[in-house]
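Look for chain A in each of the two complexes below; its partner is chain B in the first and chain C in the second.
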Partner chain A sequence: MINSKEVIWKKDETISLLLKRMNFVFPMIVVKINGRLIKKDKYSTQLINDNDEISVIHMISGG
Partner chain B sequence: MNTREHEKEIRDKLKAVKIGVAGCGGLGSNAAAALVRAGVKNFVLVDRDSIETSNLNRQFFFSKQVGEIKVDALKSNLLSIYADLDIDTFHADLIPGEMHRHFTQCDIVLEALDDAAAKVAFIEDMQINCPKIKLIAVSGIAGTASVDKLEKIRSGSLTVLIDPEAEDSSQGILMAPRIIAIAAIQALEAVIEIISKHDND
Partner chain C sequence: MVKGQFSWKDYDAGNTKHEWDLQKIHAAHKVLTEFKYDKNKIEKGFANKTLYINLTTNEIKEKPVTDDMKKKFTGGRGFGLKLLWDSIQPDTRWNSEENDLVITTGPLCGSTQYPGSGKSLCLTVSPSTNIVCDSNVGGYFGPYLKFCGYDALEIQGKAKEDVIIAIDGEASVIRIETAPLEEINTHLVSEQLTYMYSSKDDERSRQRVSVVSAGHGAENSYWGCLNFSFWDIRRKVARIKQAGRGGLGTVLRDKKIKGIVARVDKFTGVENAPENPEAAAKVGTKIQKEIRDLDRYQCNMRQVGTAHLVEIMDAYDLLPCENYRFGSFPKAPKIYSMKFFENFTRVIPDGCWHGCTMACAKTVDSFEVMTGPYKGHKVTVDGPEYETVGCGANMSLWDPKWIIEFNFYCDTYGIDTISSGTAIAYYMEMFEYGILNKERCGGLELAFGNFDAVMQFLHRMADGDTNEFIKVAAKGIRRVKDWLKSKNWGDHQLIEDTGMESKGLEYSEYVTKESLAMQGGYGLTLKGPQHDEAWLIFMDMVNNQIPTFKDKAEALHYFPMWRTWFGLNGLCKLPWNDVEPANNAETDEPSKVPEHLNNYVEYQNAVTGWNINKEELILQSERAYNWQRALNVWMGRGQRRDDWIPYRSMGPVTELEYVSRQERYDKQLAEIINKPLEEIEKMDVGKKVKLVYHHRQNQYQILSDAVYMRRGWTQNGVPTPVKMKQLGFGDEQKMLDFLAKKIQEDEENGLNDWGGVYSGSEEKPSKERRYWESW
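After this line comes the complex of A and B, so read on.
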């Protein structure tokens, strides 16, 4: 599940590859897996497990 | 429990918490004012800026305060609403890796920074170093759209209020009614968290 939408799980897929597959091109994002924040430097190594709950949150300037 | 007792219980919970505000601009200054009126007494305010004339169209400051340090002016304005507040202020830049340090004693923190990169860095810092502290962040306040489009993404201790169609603040117009409305929604999220958190204790 990504942002509460069902997405087909792929074996050996990292966060970087998943973001690419989902066409998430925004540079300013926060990624959480099962409620745990994943730091940017882990995107290319952190693998996705089947049934992981993933949030990809796009941050827009303004505050 | 009757209505009066229930109200007292809610007021007591609001009095007991400490809320951190990261960034005292359009979101932070207005959210803090709403929380003071709701009955929150303890705050940590962090901001690096001073007040500019261009801030007055949306931030909780007054023309005579132009040039003053934002955290000092906001503290003064909040104390003008109720005098019995406990407010710690830090006129400081939030440095990556150290951003959480001002907020370790807080129960809830409001992310109210301007720059998207700073927002991401702050959320990462808080969620890695203080994963138990409730963090309420906002993404997308510029423009003139209705707040109907605002979505809530919840994951662990993080809630993000997001308008995926909103413009970047460097391009979109900053319109007081929309920004104050979103600041109020952010403050309300904090109130809901405070009320619900200890209900089962």
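After this line comes the complex of A and C, so read on.
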């Protein structure tokens, strides 16, 4: 689940790859896995497990 | 000096130089009135006086700023609302003699310690909406007005011939002078007036002059903006920022004002005389460092300005393309921010007020104009900002140079890029359907992507062309809808649903179809669909943080109240959330940027000597916000029917739009009507469009119910006397009596009832229909 929406899990996918797949290109985002904050420098190594609850919170910006 | 930069003395913008006989132009002035005054010393952010000018009678006088006024209205936009309430009538229209044009400052305006502290808030009765419109703007005029001794400038009446209002803070004198020979278009008149009114012939003296103007486009349309100048000593050119929305420039020219000039004798950076300068400096230093360290990893505003949003909006299907039909487009990468970066003049820090490290005000120097009266001239173009680029996408103009040209002429003609761009995009769609055609458009081939036709339209409009289409089109989408329907040239529903206006004002540049909260962020607003009250698309559509109606209503209460606060103080919103502290993600509510919120509390307290907290900060906004809504109701609008939005902003109007997002819509429809997806996929597209249509219209009404209740209004969107008293307006008897009477009338007309149709598990916001009585 990403932001409470069903997304197909992929084996060996890191956060960076997931963000790429979802086309989440916005620079100001916060990523949490099962409520745990993931620091930006871990995006390219942190793997995602099946059934993980992922939050990708986009800050407001703009306007 | 930073490596790669060079001295401002060495820089030549390379623009066309003008040869004017300024002495002759100045000598043609006739002084109509002169007013000498004692300049108040600014104390804790306030000059404690406002300036009143009547152009019909040539009266100039001062009005006191009382403690009661500060308590109820805080400053800035709040003061503007108070001055308007005291001056206009419910039936005042934009061109009425008594309509006020108000320029306000705010207690923090003019500070240099905190970035973004040079904004003015301008208000008037708008030609587009017939209610009060507020618009914020950078540039030096607001701060200089305050340094001249006034918290606000209020202009009533109309001059008989073109005039200049000159506020001379150096000699403490104000003059109204006839101005027969000056240019009208902004890039020329602001330069002429800067040279004419600067005390000496040098760059520093010119920097102490600021001019408000609007061009020929403002005279001949409802889209007039106010251009506020700031003299750029490096480029040696009068740069400009716009109060764009709602036709304020149209009112300026209707009053026959060619320019308002403010001149200050000195500028030290601490004119605001803060109560606690150390605290103001401390909080400012922190954010300045944050911007310098982090902007490049976040929004990159210092390099490309707000245009950084173009590629993001395209990626998230939110960039308005071809009149908001689509949210992305294959050609969009041609207008991504880097394409403009290539044109921007770099190496010069570009703030629109001193002390703004964010410095997002970019320019294209030495731009060679391609069309119209200035063809072949080389000019400095301010921008383009995201909204203007978004207009390019909306009109299907995929060449950065075309967008820069559009930007230049909108600015110098004094018209709002947003309203004109959004409106032209609509006319283009009508053209595509044959509802408009070359003949009906006065010979213009107004098809999507036709840059020449867009420019011809602007030039003919600014020129006062009397062709029927040009005249109606220049008044905006609302008037064109009525015109097309009166001619019976097309399907009335299609004409209504596709034109992106609400309350008579054109939408700004975001696609909202998939975010109900953002539909409310545009529709449930005071002045009309501008995103400065709430920008909730990510929170709603991407993050899924506000899934219920109650959650959305809470966001549509909090964010408009918070964002209103910038305008009460003379601040720019951008340094709030276009940069964020490195640890923002670890806070409880990152979307509110809690550390910056605390900064603002500390900053206002440090300057004014008040002792507010976060909650009181919101309360300051809530007072002004509710007063403005009540003012709208008093003027016959500001009710549920006025918060209507066109269906194009809610969902797919046409089958083409449905098909472009078929997977998404089919899935939603399967949930709505509880049928298997396979069955939905086989359904006729036209039928599906209709089903989605009815569902989404109702969702919007249910949202409105929840928002009205959260804001303390009746189901018809009217602020209640109970609410107004809670906010501290207990002694404003005239307003309280009016609201009580209005609510009673609504009761008799059956308007105090829920707007949404609730079914199944959906619950009304309250069991009590008259919930607002017991508060």
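Definition applied: the second predicted complex is superposed on the first by the 60 of 63 C-alpha atoms of A that agree within 3 Å, B and C clash if a C-alpha of one lies under 4 Å from a C-alpha of the other, contacts with A are read in each partner's own complex, and residues count from 1 in each chain.
One rule holds in what follows: a residue touches a chain if its C-beta (ideal position, glycine included) is under 8 Å from a C-beta of that chain, and two chains touch if they have at least 3 such contacts.
Owing to the predicted nature of the structure, the values given are computational and were not obtained by experimental measurement.
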Subject >> Partner chain(s) touched by A:Leu47 [first = chain B, second = chain C, both, neither] >> reply: neither
Subject >> Contacts of A:Lys5 with chain B and chain C, given as first, second, both or neither >> reply: second
Subject >> First, second, both or neither for A:Ser55, with chain B first and chain C second >> reply: both
**OP:** Identify the partner contact of A:Val30: answer first if only chain B is touched, second if only chain C is, both if each is, neither if none is.
**Re:** both
Subject >> Overlap of chain C and chain B interfaces on chain A (superposed complexes) >> reply: 3, 28, 30, 37, 55, 57-63
Subject >> chain B contact footprint on chain A (complex, rising order) >> reply: 3, 28-30, 32, 35-37, 39-40, 53, 55, 57-63
**OP:** Using the touch rule from the top, collect the residues of chain B that touch chain A in their complex.
**Re:** 23, 25-28, 111-117, 119-120, 123-124, 127-128, 131, 137-142, 153, 155-158, 160, 162-164, 166-170, 172, 174
Subject >> Contacting residues of chain A [partner chain C, same complex] >> reply: 3-5, 23-28, 30, 37, 55-63
**OP:** In the complex, go through chain C and note every residue touching chain A.
**Re:** 297-300, 306, 309, 311-312, 315-316, 386, 531-532, 535-536, 538-539, 542-545, 547, 573, 577-578, 580, 584-586, 590-591, 593
